[in-house]
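Please find the structures below.
You will see two complexes here that share chain A, one where it goes with chain B and one where it goes with chain C.
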Partner chain A sequence: MNVPSLQSHWNLLRAACGNLVRFLPRTLVVLLCLVAVIFPFVTALTISEGVQFQSAISVLEGADFYVTGNAAGSSIPLPMEDLERLEALEGVARAVPRIVGRTYVADRVITLVGLPVDATPPPAVGLNQGGPLRNSGDVLVGSSISKTYDLEPGTDFRFPIKPRKTFHVAGVFSSDCTIWSSSVIFMSIEDAADLFGMEENVTDFLVYAEPDRAFEIDMRLQEEEKSRRFGPLTNIRVQSRQLVERYLHRGFNMRMGIFTAFYTVAFALAVPALLIVSGFGWADRRREVGMLRVVGWQSSEIIEMVAWENLVLSLMGACIAFLASFVWIRLLNGLFIAQFFIAETGLVPDFPVPSRFLPLPLFFSFLLALLLTMTGSLYNTWRLATIAPAEAIR
Partner chain B sequence: METRAKGPLLFCAILLFLSLSVLALDAHRWKSLSDREMRWFQELTGGLGMGAVAAPVWSVIDFDPRLQPVDESKLWPVPGSYSYSPASTSSVTRFREVLKDSDPAKTSKEE
Partner chain C sequence: MISRGQPMIQTEALTKIFRRSRARDVVALQNIELSIDQGRYVLFQGPSGSGKTTLFTLLAGIAHPTRGCVLFQGEDLSRLSDVALCRLRRDRVGFIFQDFQLFPRLTVLENASIALLPLGLSRSVRFLKATALLERLGLEDRLDHSPEEMSGGERQRLAIARALVNDPELILADEPTSNIDADSALRVAALFRELNEQGKTLLVTGHRDDLLRDADEIYQLDRGEIVHRDRGGAG
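Coming up: the complex of A and B.
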C-alpha cells in the first residue's frame, strides 16, 4: 500500500470538508436542493414496497380463480345460476359468489363488497369495534368512512343510490386491515344485490381449488371460456392466481414507468438548478483555485478536492432525505404527503401508511445525489484548474 | 482548514450511523410485523385491492385489476359526460391488462 499517497487523499478530503464549512451558504443551498430532489424518490420507493407487501397478501388470501362475465371486452355480471356449474367442476373445493361495486356515501367514493354471510371467516380479528353481520341490512364499514361520517356500530344510514333502504353499522374494520379496507363497506350478498338492483346476478365468482388441482381446473375453465358454453348469452373471463400474480409483479415493476416519467421532469429541472447553485459563490472559488495553483497544487488535486466535497455533500443529502422520509412516513404517518403516493388518502391518512425502508433506496439516493453534484461542479472546476493561475486570480 | 474539517466529517458520520440504525430498526420491525388483520380482511373479501389507491376513483384497474382489467374510462370522452380519466390514479403502481398465454394477440413487446 502506498501510504504517502493515501495520506494525500486524506488531506484532500480534509481540505474539502474545510471548504464546505467555509462556503457554508453554498453548502446549505446545495444540501437543501439535494434533499428536495431525493426525498420524494425515497418516499415513493418505500411506500411502494409497503403496498407491495399488502398486495401480496391480497393475492395469497384471495381465490384461486376469479370468474366474471365478459361482453365485448368488458367485465359484466354473471347469473347466480352459474354457481352450480362451477361447483360441479371436478377439483373445485368451493365456489363463492361475490358482488363488488363502487358507489357513494355522501360525496365519497367507496368500494362495496357483498358475499354470502356463511362464507365469511369466523373470529372477527379485523374489527376494532362492533361485531360480525347478524341481520339483513347489517354492514361492516372501513375505518376512514366511519371516522369521516361518524358511522359507529349501532348507527343507521342510507346510500344515495337507494335512499329508501336503511343499513345498520354492525362493526368497523381495524385500520390495520390493509389500505383498501379504509373505504370499504361490506354486507351480505343479498343486500348488495338489492342495493345495486342486480337481482339474481353477481359481479364475479371466487373459485377455490382443492389442493394440487388448480391446474386441472384451469384447463377446464379455459375450455369453458373458449367454447362460450357458459351461460345462455355471455362469455366468461377467467383470471387464475397465476395471472393475478403477474399483475402484481408487473404492476409494481411498472411503478418505475409512471414514477420515472414524473421523476425525469424533476431530475431535468434539478440539474440546471444545481448547476446554478454550484456556481453560488463561484467568484471566491475562482480566486481560491488560482491561489492553490500559485502555491503549487496540481489540477488533478484541485479536481479531487472538489470530488471529495461532492461525495461528502451527496452522502449528507442522501442520509438527510432518507431520515426525513422515515420521520415523515413512520412517525407522522405521511401527514399531507401520503396523498401524493397513495390516492384517496386525504391530508391526514386514517390508516397506517404502508412503507418499508430498505438499503437499496438509500444507496440509489446517494448515487443520484453524486450524479447531480458532479454534473454541477466538476466541469467548472476543471476549466478553472486548467487556466493560468494569474487569469484565475483576476 | 484542518480544524474546520472535523465538523462535516463528524456530521456525516452521525447521519450515516442514524440511517443505518433506521435500516436495522425497520428490518427488525418488519420481522415482528403482524399481518393477522390483513389476512383476515383479504379472506373475508376474497381478495380485494392491489394498487396504491385507497378507493376506486376514476379507474377500477388501478385499485384492483381483478375487478376490471381494462381501464374503460381512458378510452375516449363520452358525449355529454366527463372526458377521459387521468393516466393513472396512483403514482407508485401501475397496472395494464395482462394478456393470457393462449391469447393470439400477445406480442413479444407486451412481455
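Coming up: the complex of A and C.
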C-alpha cells in the first residue's frame, strides 16, 4: 500500500490555503457566519468564567461559616445577643455580626453592608480615596458607584428609604471583585440597623474558625441547628464556605443553562444558513473536483484537501471570534451578553465586566467551527469525489 | 519501455446508454469492439453526437460503461478499485479535452503541475518538471499568467502540457484542433507526431488533413457505432 508522504500532506495543505484565497468571497462569507455563530458563545463563556472566578475569590476571602435565622425555610434576622454564644463556641476565632440589605440609589439597586467599624472595610477590598469609617453616618462606596453618582469623599447624600438621615462618604474602595465596586456600600452596623429598622438584630453572623478547626465547628453548629437551642426563639441555618461555593456553582450553571438554551435555538437557526453558505461556490468546485479526478487525484486526496481548508477556516474563525469577544468585553464591556450572567446590570454594564480568557473556550469554539464547516462541505466533497469524473465535469 | 505491437487498449461490446428520462434512453455507444496496439496513432472521426467523446471518456476510465468493458493492457478497468483507477489516470493516461477544462483560478504553471501535487514532490521539483514541458510547448513566457489571459492555441498547449506532465503511455485528445487557429493546429499536430515517434499511443478525434496523414488507423463512428475502419496516411 502506498502511504502518502509528509510532503504530499504539506502540498495538500498549501493547495487548501491557496483555494481559500482563490475562492475569497466564499471564504469571507463562511468566516463571517462562523464568527457570528461562535462569538456570542466565546463571550458568554469568558464572562461566566470571570464572574465565577471573582465570586470564588469573594467566597474564599469570606468567612468559614454564615449563620442566619431560619423560619419556614426563609432567612430571618437573628438577635445580636447570639453573638456571644457563637464566640463562646470552642474553635471559633471570631464572629462578626452583619446586616445586609438592598435599597435604591437613584435608579440602581445597591447592596448595603453594615459591619462593626473595626471590621470595615473587609480585607478583600482596598481603599482608593478617603479613609475608613470614623463617625456615625460614614460610608465607604464602591469606585464604580462613586464615579457614576459623583460620590467623592466628603460628599453628603441620603437614601430614599430614610430621607431624614444624612450619610457621608468617608472613602472610596475598589476590589478584585469588580461587581462589588458597582453595587456595594459599606457602613457601620449601627447605621445599617438604623436604616433598616433592625435594632438589636442582624441578618447574619460571619464565623471564622481557628486554623484546622472548621470541621469541628461545623459539627457543633450542625448540632445547634438540629437541636434548635441556639437562639431564644429562632431556628438557625448554617452555611459553610463549601456550601456557599456549591450554591454559587449551581447558580452559575443555571444561568449558563439559560444562556445555552437561548444559544442552542440561535445555533439551530444558524446551522442551515451555514450549510447553505458552505455550499456557496460549489458549482465551480464541482467541475474542479471532477478535473482533479481526471488528472488522477484520489478521492481521499481531494477530501483531505477540503478537510485542510475547513481546518484552516475553523482556526481562523475561532481566532477571529476570540478576538471579537476580547474587543466586545474590553471595549464594549460585555454589552448585551453580560446581563445574562450578572443580575441587574442592564444592557450596558457601568462597571468593568469580569472576564477570564481561558484556552478551553478557544478550543471549544474551534471544535464548533470545525463541526460546522465539515458538516457543510465534506459530504458534498465526498459525493463529488466518488462519482465518475465525467459526471462531475459535465 | 513500450513495445509496439502489444494491445494497449481493447474494448468488448462497449455500450454506454444515458438515461435522460424513464421514457427515453440515449444510446451513445453500442457494442464497440476495438483493439489498439501500443505505439499506434489512431484517429476517430464522425459527425457531432456520434459518440467520440463518450468513447474517449470510457477508454480513459473517467466514465463507466453501461455494458461491456475496457481492457487497459489486458486489465479490465471495471474491476479496478477507485484508487487503482486514479493511479492509472495519473500515471498512464493523459486526457486532452476539446474545451480544455483548465483551472481558471490557477496559473499556467500550477495548471500544468496539478497532477503532481499529491505525489509528495516538493514545489520546486513539480514546477521544474512542468516548466520544462511548458518550455517545450512554447509557453515559457506565460508561466505566471492565468489561462483566461491566453489565446485558444495557448490554452490547448497548456491542456496538452497538463496531460503529459506524468509522461503517460496513452494520450487521448478530443478534438484538439477544433477550437484553435490554423498555426496552433499545425503546432499541435507536429507535437502529436513527435509524441507518437517517442512511442506514445495516441487516440485523437479530428478532421484535419495533417492528423489524417499522421494517423496509423482511422475509425469512423456514427450513431454510437464504428461504421468504418481504414488505414491512415502513416498506416
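Everything below uses one rule, namely that the second predicted complex is superposed on the first by the 319 of 394 C-alpha atoms of A that agree within 3 Å, B and C clash if a C-alpha of one lies under 4 Å from a C-alpha of the other, contacts with A are read in each partner's own complex, and residues count from 1 in each chain.
To be clear about the criterion, a contact is a pair of C-beta atoms (placed from the backbone, for glycine too) under 8 Å apart; a residue touches a chain by one contact, two chains touch by 3 or more.
These numbers come from a predicted model, not from an experiment.
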Partner chain(s) touched by A:Thr373 [first = chain B, second = chain C, both, neither]: neither
First (chain B), second (chain C), both or neither touched by A:Arg250: first
Touched partner set for A:Ser188, first chain B, second chain C, both or neither: neither
First, second, both or neither for A:Pro359, with chain B first and chain C second: first
Partner chain(s) touched by A:Ala15 [first = chain B, second = chain C, both, neither]: both
Which of chain B and chain C A:Ser143 touches, first, second, both or neither: neither
Between chain B and chain C, more extensive residue contact with chain A: B
Those residues of chain A which chain B touches in one complex and chain C touches in the other: 14-15, 22
For the chain A and chain C complex, residues of the former touching the latter: 4-8, 11-12, 14-15, 22-23, 287-288, 291-301, 386, 388-391, 393
Contact footprint of chain B on chain A as seen in their complex: 13-18, 20-22, 44, 47-48, 51, 54-55, 57-63, 66, 73-75, 96, 98, 100, 102, 108-111, 113, 115, 120-121, 124-126, 144, 173-174, 176-184, 186, 203-204, 206, 222, 226, 237, 239, 243-244, 246-248, 250-252, 254-255, 257-259, 262, 312, 315-316, 318-320, 322-323, 326, 330, 340-345, 351, 356-359, 362
Residues of chain C that touch chain A when the two form their complex: 57, 60, 62-64, 82-83, 86-91, 95, 101, 103, 105-106, 114-115, 117-123, 162-163, 166
Chain A partner contacts - residues on chain B that touch it in the complex: 1-2, 4-9, 11-12, 15-16, 18-19, 22-23, 26, 30, 35-57, 60, 62-70, 72, 87-96, 98, 100, 102
